[in-house]
């Protein structure tokens, strides 16, 4: 049995006016285990705290109950007070007799009675409290950024600037991501490459940043501050340290018919290639699916011509293992596949293009050198129809498309329309939209310029059908405002395809035990208050892997994620919350029920030896909770049928003791 | 000897229940027989026996022993024992009647006596009803019980298609029959019933169950029999056999803190349970094999050791019917001690 | 069927595929079969029985059997196979240590139901058409076989063995229209007072023998909360009406989402309490609220109670349905 | 149903630490009254509420039990209240199935800003439970005397 001291606070008249504090102290003094009970004007004052400390020492108190304001107010205060007096801070319980008694009940007798009951409940709980000690764990001062788009680059630069080493893992041969493919950026119309490529160079030259391009995360172990990550460096058949990026190999390569993914397959590249001129690292990569040497063993032209001797046809995938304190996910997005949207004739006509393809067609470094030409006959289009919300904001019951708004399409379509009109004033531009959403700095002005200054025809309505006929694209649409059917003979149709998380995100989430929503966007630890953190401690979110975003938002979030990472990495050790789940291994069945409901991936299983009957040893699978990862929600304790999993500080017995005391 | 026509049996029950509480085997919600206090409209069950034995009426599953009241740090002790009203159990089968003798030896005659048990036992009048239609699970004959003779109670009773016949065996029995609406019958009135019953008893498959391997003093021979492991391997460790058994008598004592009062009560325990006789030092019977062995050794060896060779089984066959995996004392008797 | 199974059992032992065989062992009568482990072909010849009284679900025994050295063969009926998969999902059975022979099943009989039909002193049985012919000490009696079928077989949810190494007989199909929720619906249609009276009349007869729990494949806890003195709710007997209710509510809750509806709880209850109606209520509610789910039907799907969607029904859905007040 | 005069039910309110407990505090800050027979137990998250605790409360003499947590989507631990929602839905349905008055149990989502909603919820709940009268169906007589 504990030796409990009860301290009843008046809170001036806040409590004392509607609760007879003397009567409360007297009643609670009679409870079993209570060795001392008193009341005082302001328990939180220095004098009040001194009294508590004095009594702990004088009477050898093992538990303290404070009847005062809400624990949300002063629990931390009183825990510190008691800790200074040598009592474990978790041996303190608060009975909330201000917010939940004196302030909500006017009758003094009623208030006093309730205060006594709440005091009893706190006493009953403290009887079962055990001293808790927060765990500590070291922090590896290195961060991993998964994804080398603008989000990953920005996060890495910010972390590196703070003095911490960062690795960027990028699955493509170069960093740069989607932004590298863009032409101009809204709403300022500055060139994407002009603002991105310097950052790419910065990242490549920063001593604190190591770029692991053409690499993938294979396995993640450990927890916040202590991740161990295995990274696969895919064989690029070119020695990265030797390749100078001169490009001679590309000139010599006889296999020139490889669809160029950087240009969305609108032109071809060679089997050995550097994706684009400003690639970082500027290192060639051999595409094993097309290389004649790797496929048939007949060629070797690149190797013969490489003055640096960088070509290595025998290269294998390599694995590196590294420790990290924090992991940032920046896996980005992709436009959805338009195969299912037959009504827009995307797969039937090359002149029906996605917006990202359109970006390449407009780009000076693109397949057409920046001249807008129809892919089919390389002529200038004179009528262009833009279709918004292709696969965005779809009905849940529809079998294609996404329910969410992709957020960026309205603005980039306005940009495309405006740029087209500016470059080719003789071109008629139509935009079909459901709504035009422009909530951003200078966004609406931008859109209005497209309509008012550039005379883009914005039509509220959906395109029903696109039919290629006689070199034209017959567009059937409805104008909802004028309530009429429209037929347009277009030369080009541009589809604003919805964006979706990169396909690598789901398997990565599993490796990280990070949670995702039904659309495969990573979920944040709190939708409002912790938007750049994953619920899994030590895992942070940057960019569109968390939800659709434009570039400024992505960069802002990337910086925010970096600052969270820096905040973690500057710590030498992490001090945990001791009110975490703890399994009783003797009772654990290893059934995995707890693991299934843990939002943090804090639970793992181990085969452990136990003493069996008659001097035997039994090996049993039992749950282990990592106290550095567990946040103490208690979901697992209820999922556990045997009651083996319990929550420290809010144990089954403690809560039932409170119930008993209240219902008595 | 007395008799009453079956058509008028309700009159008899009414007359008895006016004097005392009358417990009668009645079909419950699921059509199984249980001893239930008779009231107007309840019909006697047609089953051979109740699912739970008649021991419940003397040794209930849960019984308060003493209560404590807490007032702050003060403790008050309250005696939980209540005065029992006299009661009649009607339709106890000869096997169950024999089980009272076995329980009496433990609770009634062995020191320390069980005052709770005695209080109930003394207030009871037992009407034993002979079995006309014994079943294949009956092996009471192995324990010297004659299903045709309704012995072991205060009143012996027989029934045929028409009538119930009664014969008082003890003074309590005579007192019960006195003043009840019964007709006189000649002394041999039940002879034909007995004869018919005996003829059926001859046909029972477990009639000749051989108990010669068991009894007092056999601990050494049987304790380490390797067959225990095999027999117990499928045992689920539930308490069905012990709880339907008329002779199982183990109990545990528990406290319940209800907030206003703390109750100390006893409740049936089962040697089949993993925490049976659990001690702070550990479990003396760590696996189901030891627990399983305990149950049968107690019935067939330890009890006879302590009670002049009397077995603590009456062959009622309840465990044969109710064990979820059909392991039972008959299989044990036939298997243990076979391999030498 | 028995002959094929026995042959297979012997074959598995003889060719060393397994070291032990889990099966049903003959008893004193035709019906009292006991689950047992056989280690030699001779034992199998002598004592192995497979009949309409081989109702016991063998999957739970595999928890202990697969911890032992060597490999064990088990004959698994369709309904047992769901428990087998569920137990593997819960990491309770080491699949590599067992060899599963799936057996087609036409339904199992229960001796309690034979007795309920008024047949006393049965000593032998044979099947004739749809009838069971019973020899008794009171002469020959017969009854329709369907009257002796276990409740779970009358409303058989699936004749498909979901996990096996080989199959004896043809594997069957799931039977979604088995009507197993009819009785739950009947209770739901009652008034709360009627339901309360019904459940009191059932649960008040509970003797807390724990047969339901100990036979249940989902109740495979190292130590049940009701046996653990530190849990705060341990009880050796139901000492009050509340404790009777509490045990059965909590037990049903603890197996919710893991219960495969194998029906063993109701089969073994010595008091014939229809315990499956509690489990089925949870199953029915989960099916209706969160989409169809059959525990043990596959290795991947999360039980609904350990899962969620962001637009689940609110608990107030309970107020809007069920019998009148 | 017969209502005893002057019957004041015992109500146990389990409140999650992050939203509803703060919501309850806010009704205090705003001096919004609710009956004193509501006693709050603080739990870290609504998903900490074990059905055993609810039954325990009824056994020990509670007449109504209410769980308050963050609004779905707002859980401090992101998913806790989703689990709680399923668990409570199934438990309440089971209690109803056993014939226990469903009005005795309730779940309400109360945010830290909803002090008024907290007080109003408690007022309504107390009223509903008072109308039902004493909890008889899940009581344990041993806890009453």
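Per-chain residue numbering starts at 1, and chain names A, B, C and D are given in the order in which the chains are listed.
Throughout what follows, contacts are C-beta pairs under 8 Å (C-beta built on N, C-alpha and C of every residue); 3 or more make two chains touch, one makes a residue touch a chain.
Quick caveat: nothing in here was measured; it's all calculated off a predicted structure.
*Asks:* Based on CA centres, what chain would you say lies at the far end from subunit D?
*Replies:* Relative to subunit D, the chain whose C-alpha centre sits farthest away is B.
*Asks:* I'd like to verify one number: the distance from the centre of subunit A to the centre of subunit D, where each centre is the average of its C-alpha atoms, in whole angstrom.
*Replies:* That gives a centre separation of 34 Å.
*Asks:* Distance between subunit B and subunit C based on Cα centroids, please, to the nearest Å.
*Replies:* Each chain reduced to its C-alpha mean, subunit B and subunit C end up 30 Å apart.
*Asks:* On a C-alpha centroid basis, what's the spacing between subunit A and subunit C, in Å?
*Replies:* 44
*Asks:* Which subunit D residues sit where two or more other chains touch them?
*Replies:* In subunit D, the residues touching two or more other chains are 51-52, 56, 60-61, 73, 79, 83, 87, 140, 142-143.
*Asks:* Going by the touch rule set out above, which residues of subunit C reach two or more other chains?
*Replies:* Each of 225, 233, 239, 305-307, 309-310 in subunit C touches at least two other chains.
*Asks:* Residue numbers in subunit A touching 2 or more other chains?
*Replies:* Expected reply: 597, 639, 652, 656, 660, 663-664.
*Asks:* Quick one: do these chains touch in a line, a ring, a star, all-to-all (complete), or other?
*Replies:* complete
*Asks:* Which of the residues in subunit C end up touching subunit A in this complex?
*Replies:* 67, 89-92, 220-225, 228, 230-233, 254-255, 302-303, 305-307, 309-310
*Asks:* What residues on subunit B touch subunit A, complex-wise?
*Replies:* So the residues of subunit B touching subunit A come out as 70, 72-73, 257, 259-260, 283, 286-287.
*Asks:* Which positions of subunit B touch subunit C when the two form their complex?
*Replies:* 28-32, 34, 48, 51-52, 61-62, 133-136, 200, 203-206, 230, 233-234, 236-240, 242-244, 252, 254, 256, 265, 267-270, 273-275, 320-322, 324-328, 330-331, 334
*Asks:* Would you tell me which residues of subunit A are touching subunit B in their complex?
*Replies:* On the subunit A side, the touching residues are 30-32, 613-614, 660, 663-664.
*Asks:* Which residues of subunit B touch subunit D in their complex?
*Replies:* Subunit B reaches subunit D through residues 256, 258-261, 263.
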